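Note that chain A is present in both complexes that follow, paired respectively with chain B and with chain C.
Take a look at the complex of A and B:
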């Protein structure tokens, strides 16, 4: 038995394995954990986005440019984009792993999803930076 | 793979608030990834040119675009509120059936109320 946070756990892993956070699968813990960390970050960021979305979806070109040029808006949007694209990719991977069983289709879809969301995320970040610095 | 008989699965169960909200979390999560790509298109068009951005906002002003926008707002409100439930569960809290049912109904009702509020904010 080991003690942690005042709770008693059955000792089923070595202290090193425990410190590394690796279960029997050897990987995946980080995936699960980052889904939660990004979710936590997305709570305030999504509320912020809900209030600001009209500045991108319905505003005029001049209004939207002005909004995006505000440093606080740009920085908060960049933080949202980072957390949301990361969280979305992790979430889609879980869904694909659950439903796609074909030995060819699964890795192909996982790789395609990764390329798509990394690509779209970098494009969105690039666009925000371009508006602010070009 | 060899086809073996399967035991009865989800379809034999009566829908319950727990199971329905659970699958809705997944559906809204998947839908939101599409919304994220849409947001990316909007930001990209804004950085590209006035014409490209106008093309984007005209799509969003179309009745279908408005429907997508309202769907995005609802999906985000629902997934956000239900995500908070998930995080409480991950922390080991709120597992009593009464708490699960109560937080579930609060999530459903609040998601619709918030969607109505934000839809008014966006379009009026």
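Take a look at the complex of A and C:
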């Protein structure tokens, strides 16, 4: 019995055929590895950001701009954005794969999530550069 | 979407109640899941009161007592009654375990002990779940020795350390698994994606073969396992390890398989 998009479809197949399914995708390692790499990168980067965040929130636009014009600050912030968006995207993909079983809805959601994170990531990077070079 | 509620025909109703006759003070009540494929009725919880002076100490003793003395229609699996065959796995008092090694006294509920089949599986009858898919998943990892070298004229040798990797120096290695599936049916990832995710029991067995020094198919085995659904649905939630009535550690074995796959990349 397979279930997709709320429809139930009875298939006559042996239990072994069902268990083997389409076989191994021979992938999944990369996803698992990058989830760990980005998590590792986020430890120092988040500590750094949390340390600076209170000051940035209370600063005026000119002060914030001055802070960001420091190359170290700008580069570290860009690295944080890369790690955070990448890690969040991988996590969201796992959630979709875990809970969405519709053969149409799942790939659509996975593609949409990638576009969303790519878009948001590019916007964030653009904002940092704009403030930095303004 | 994953289903978080029971379908209409699986909702559990109130069942029959059986009182212990001529019993003294020493009584206990068990609430047991009942469902039969004959007819259209929904599952129900039947209540059985037992005179503990006439019943053995284990939950399996209570089930056998009910079947022999109160209600012969109650259906469950059992064979060895000593925790070695894996037949009597069920959900007792909220946790998956073996009825034959679970003492009634050790149940958290003092009375009104609830017994249901292993969770999230189709039910064949009463406490008997359908294990076909899990057995097929086990068969799919080809759990036997695979070699290309011509067979030796004597036994295939293994060092004591290498044997310990399988049996466990403390006797809790992956080769000690009794295939009871308490772990797999306690795993949330298996609940949502059991059609494709192999689950802790089968992955622990896969690890047992990946780590067998006499086997010559390690690479092919890892190739077969490297899959977002077969293996990487494990999110290290650890329910499996806390469920195992034999004290094995499937979560650790799964992590070891992931490590072997990482090793060959670097």
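To be clear about the criterion, the second predicted complex is superposed on the first by the 104 of 134 C-alpha atoms of A that agree within 3 Å, B and C clash if a C-alpha of one lies under 4 Å from a C-alpha of the other, contacts with A are read in each partner's own complex, and residues count from 1 in each chain.
Simple rule for what comes next: contacts are C-beta pairs under 8 Å (C-beta built on N, C-alpha and C of every residue); 3 or more make two chains touch, one makes a residue touch a chain.
Worth saying up front: this structure is predicted, and the values here are computed from it rather than measured.
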Max touched-residue count on chain A (chain B vs chain C) belongs to chain B
Figure out whether A:43 sits in contact with chain B (first) or chain C (second), or with both, or with neither. first
Which partner does A:96 reach: the first (chain B), the second (chain C), both, or neither?
neither
Task = Name the contact category of A:31: first (chain B only), second (chain C only), both, or neither.
result = second
| task | Please work out whether A:110 is in contact with chain B alone, chain C alone, both, or neither, and reply first, second, both or neither. | result | neither
Discussion item. I'd like to know which partner A:68 touches here: chain B for first, chain C for second, both or neither.
Written reply: first
Both chain B and chain C touch chain A at residues none
As the complex stands, chain C meets chain A at residues 1-2, 132-133, 135-137, 139-140, 189, 192-193, 195-196, 223-233, 235, 258, 261-262, 265
Note: in the complex, chain A contacts chain C through residues 2, 14-16, 18-21, 23-29, 31-33, 94, 97-102
Given the complex, residues on chain A that touch chain B span 36, 39-40, 42-43, 46-47, 49-51, 53-54, 56-61, 64-65, 68, 77, 84-85, 88, 91-92, 95, 117, 120-121, 123-124, 126-128, 130-131
Listed in rising order, the residues of chain B that touch chain A in the complex are 26, 29-30, 32-33, 36-37, 39-40, 42-44, 46-48, 50, 53-54, 57, 60-61, 69, 73, 76-77, 80, 83-84, 86-87, 90, 114, 118, 121-123
